[in-house]
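Multiple structures follow.
Each of the next two complexes has chain A plus one more chain, namely chain B in the first and chain C in the second.
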Partner chain A sequence: MPANNYRVRVAEASDMAATVKVMRRPEPGETSYIRATLKGMALTFKHLVNPDKVTRQYPEEQPDLSPRWRGTHRMEVHADGRPKCVACGLCPTVCPANCIRLVGGEDDQGNRYPIVYEIDEFRCIFCGMCQEVCPVEAIHVGVHFENAEYTRERFVYDLDRLMEQDHPSTLLWDPSDPRSE
Partner chain B sequence: MAENSQTPESVTLTIDGREVSVPKGTTILQAAEALGNRIPHYCYHPGLSAPAQCRLCLVEVEGAPKLQPSCITEVQDGQVVLTESEEATRQRTGVLEFYLANHPLDCPICDQSGECKLQDYVHAEGRKHGRSREPKRVFGRDDFGGDILFYGDRCVMCTRCVRFMNEMAQDPRLTVVERGNRSIIDTFFEEGVEGSPYAGNIVDICPVGALVSKDFLHKARAWDLDHKPTICPNCSQGCNIDFHVRDNRVQRLKPRANLEVNQYWMCDYGRHRYEWMNREDRIESPVVNRSGRPVPSDWSETLEALHGRLQEGVRPVKAVASPFASNEDLAALRHLVDALGGGEIVYRLPRADREIPLPGFPRLSRRRDLAPNGRGAEILGMERVGDDEGAGGLDELAHYTGTLVVLGDELADLEPDFGEQAALYIYVGSHPSPAASQADYRLPATTFAEQEGTFTNHEGRVQRFWPGLQAPGLARPAWLVLGALAARMTGGPVPTSAAEAFVQAAELAPEFQGLTYESIGTRGAIINEPVALPGA
Partner chain C sequence: MNDLSPMAFWVTSSLKILVVFSALLAVVAFMTLVERRISAFIQDRRGPNRVGPFGILQPVADGIKNILKEETMPATANRTFFVLAPALAIVPAVITIAVVPFAAPLVTPWGTVGMIIADIPIGILYILALASLGVYGLFLAGWASNNKYAFLGGVRSASQMVSYEVALGLSIIPVLMLTGNVTLTEMVWQQQQMGFWFVFPLSLAFGLFVISAFAETNRLPFDLPEAESELVTGYHTEYSSMKFSMFFIAEYSHILTAAALMATLFLGGWSIPFWSGDHLFWYEGMLISGFTQAGEPVAADPGWWVTVLTFLSFALKTAFFVLVFMWVRWTLPRFRYDQVMHLGWKVMLPTALGYVMALAATILVLDQIGVEGFLFGAILTAMSALATGIFVFVVDQDRLITGAAVAGTDREVRSPVRKVRRPVLQAGSSGSSGS
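Up next is the complex of A and B:
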């Protein structure tokens, strides 16, 4: 079947008559383009004074992000500066992109805490499941999008970096309407 | 109804509408298990006495005035048992609610999370929300000595640990102190379980995260671990164990039930000796010594060159084997040595000064021979040399001028000039060693943890183990390397699987004859005896 179809298609293509209209290009001196240029500039100046313009003066003017925007992560910290994470291992388990690396351990006060906590933001698909699964509300995706860096390595956020982030955390659902009803 | 149910010792009863025939004296819980119906329980453990105190295994028995604890109620003919009836389910939900009244629900930081019976049962049948408003009682954490930590808040007071120490270890170090709501497991004085050689088992039998291992504390989550069946390599008892593996590293060892070898237990000596399997200094590719310069090579080239060298004719052979190698590896070495004209094979075996038996099950003991396969080496006609440290005995071989083959032994006590005068020195091993530096051919072998094979334990039980880790680089099982060489020399078949290598081993030793991987199975088989029946 595929072979037959192919042959049919070839036959149709060769039957089709191609019609080409040849346009004559004006010789130099035959036209000045002045009228066309003025028409174009008139449109440009009209937009300059148009009150309905859509251009935003980024970065002076920041965009208004939704509270449910899911951007790069941040780690919540206790008042004494320790990360809230207890290294339970649920976020690396639930992460569909496998971008979280976690090594648990015990700190000097006998608390379970992450010795290593790294998120590869390049691998991350920003699904927000890490935030949803976290039993102690430590890891959050954030309302933030300006992530440019000079090297690729800088996109693997370690624990200190995650704790430094100060952008707002994402609301995964509206607290007044948790079921989106 | 099955025919055998008519025999006098057999009792037939109905559990949840299904008929089952079991021997007289069986409990309802065991009968239900035979049907694949696991009745929730904490205090009952097949290896210990049953005090029927957790009240979780209560089931409805028709005709009985109230619910019966299935772990101690013996089956009777014509009994009708309902484990899922409304009354039984309501009762379990209620008991679980009591358990949760004081449980801290700290699953995120609890090492048992993922393999916790309280988690499982509450998830299956517990209430969705607790109703208790009273503050929870708090005990905090207690160091029980040795490898054991105790989190009293998580405890469900099943007393399995107390009973293990009393009945199995017969070394009562734990007890229940206080009464009622305040009762808790505790140690006598400050002694704890320190020094008790089987205390690690109380971590295994703890159904919740109350008793945890310091060695494993916060190391890995239970659901991340692959369980790989294997045999403990640390003494000649041959306990059946599981590797718990994550990231291609053994994270801990856990006993696997085999009623004829180790029941449900293993000793702490074996339990904590696994780090060597994770060693990262490994021989990763064949290395050929070309006029004093070690040159990494690939397998086909190396074996070709080695075969050519062997065909040129060899001087008399002497070999060093290791009791840590499998039966298949040792037999392949024997095949090769025989193909080269025969010669003496020696092995060195570290030996402890005493056995450490488990008093409640004396068949299980930390044996004196601290290697898994000394018996296998003996069966294959090898000779033990050296002292009880597993050292010495090779001084003569160090300056041997014939052909020298070393399998597995790391030669840690020997000088770098070992084998310098040998006409041909072949070293097959896993780890680089100074004494292997003079080897003409240094061939990378897998450790037992990375290959399939069998060990023969002290009583002559051949037991299979399975690969738990991935071998690094070009490392291959020694039976494959040596078997391929021997086959080339003799023109025989090359073993393509561990099962075939075992068949070739059986050709060498009458003790192994009649055994195959199928007949050995997962329970092991005694040499030269019909297959042992699976554990009752």
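Up next is the complex of A and C:
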């Protein structure tokens, strides 16, 4: 008996619902080749000439991403080009994948700023908790998915790279407005 | 107007071989693209459309890819036969086209050039012989690979080819009876003279020929030698790179040849319907356009544009059948093996035999009465339509259109015969009687 109190049982026929469809394989002489073929060909011809195709011509036709799409990160910047991050350390703490490396520093006016801020986008699970937890709305997950690179190293985004990203930030789910209305 | 000098014969023949062979390979490459596009359209997709305009350079990309791929050689394969098999598959496939006339003869200053590589007097027999040789390539590939799936594919291809060759041969016999000869040029000529494409007076033979041709070319619904869901890819499982491509080219050349044959045997070949300007035939050393009432041949002097027009007509008909091949492939599922054998031996063979007998009797009677020309064709058309009707009625009446779901078999599973026993995961309630 498994510990989780689930057990494997063999179902008897009497357990089954009343209408189970038992398929019988037709014998070779029983099936129609001609009408069935013509019927099928009529159907495929309809699809052949149907101009309404499902394929999206990707690079030209971009998909409509949801405003809540959680893609690769971006860092908001102040008007003077400094990152908004205050190196409080909340995002590396909350990150369930442990993909954020943050080394904080302090300038001569006592403002904290990140010396090293790296996100390993391969480790990231795109949960968006970094954005949720950020007190100054600096780090964001973005509405973006085209991330191809030639080397694995390029997937560790450093601070400059994060600040360069210009795709829209993700609209996080708001509990007071669950339908984004 | 004249016969060619030996020198001109050599030059024109070499030119024709060169042009036809390159055109064949180009068309085959293009067919792979067309097939992919058609399959995509049928499945509401768009298909490859990125390499060049409308994806037209896709075959080139595929070719480069295949040449650059690694050649694999299974350790336990029979090396000689393994290498020999693709060659054996491709050679018969590409040289069958040699006896198919693709346009009206061209009159040049050096003589009349027949638009056919080799107008040999055995015509259709040459095609049948070489088409059967193709099976050696497939079977040898299956055997030499030393792989159970490849072997099964080879065995299947052999038995399938043998089974359907009978029906194929029998479905050509009515054409031979109307033509009175086995050369394909004469078949075109006879269809022009009769005023009927053979598809009308020989409709049932045409149907049988199409079905057998599908089986001979190993196309769906008869692609059991490949059967990727059961046999990986059948006989070419172990092949890679250009060796694989050669099987591929062989398959598509077979399709092209089969389509060209259907056009030539049953749709009048290169003749243009409702136009007598293309009635041209090489008759006893001169090009003629017909016979007078007294039976004297009438000499013809067609312009070069007749050759161009008739070639377009031939290309159009062939393309139509190629498209039908592809259309059918993406419509029908694969037959089960017993269904293939049932259809081949118990349906096609008796039908073809009976039809040949009935047709021979009809022609004999018509000849005895002295019916000729249009009436002859019309009576044969009516007779064949009747035969086709009977065939469809017998084969198809009271039969199922749906595949596996047989009406009226919904039943409860309480019967003691079929006890459904399968493990289910169920929460809680430990210790019930079922465990």
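Operating definition for what follows: the second predicted complex is superposed on the first by the 121 of 181 C-alpha atoms of A that agree within 3 Å, B and C clash if a C-alpha of one lies under 4 Å from a C-alpha of the other, contacts with A are read in each partner's own complex, and residues count from 1 in each chain.
Criterion: a residue touches a chain if its C-beta (ideal position, glycine included) is under 8 Å from a C-beta of that chain, and two chains touch if they have at least 3 such contacts.
Since this is a predicted model, take the numbers as computed values, not measurements.
Colleague: When the two structures are laid over each other on chain A, which of chain B and chain C touches more residues of chain A?
Modeller: C
Colleague: In the superposed arrangement, does A:152 touch chain B (first), chain C (second), both or neither?
Modeller: neither
Colleague: Contact-wise, after the overlay, does A:78 reach chain B, chain C, both or neither (first, second, both, neither)?
Modeller: A:78 sits against neither chain B nor chain C.
Colleague: Does the superposition put A:179 against chain B (first), chain C (second), both, or neither?
Modeller: Touch status of A:179: no partner.
Colleague: By the touch definition above, which chain A residues appear in both interfaces, chain B in one complex and chain C in the other?
Modeller: In chain A, nothing is touched by chain B and also by chain C.
Colleague: Under the definition above, what is the set of chain B residues touching chain A in their complex?
Modeller: Chain B residues touching chain A: 107-109, 113, 141, 217-219, 221, 223-224.
Colleague: Going by the contact rule set out above, which residues of chain A touch chain B in the complex?
Modeller: 86-90, 93, 104-106, 110-112, 135-136
Colleague: Along chain A, where are the residues that touch chain C in the complex?
Modeller: 1, 5-14, 16, 18-26, 28-37, 39-41, 43-45, 47-50, 52-55, 57
Colleague: Along chain C, where are the residues that touch chain A in the complex?
Modeller: Interface residues on the chain C side: 38, 40-46, 327-328, 330-332, 336, 338-339, 342-343, 346, 392, 395-396, 399-406, 409-415, 418-428, 430, 432, 434-435.
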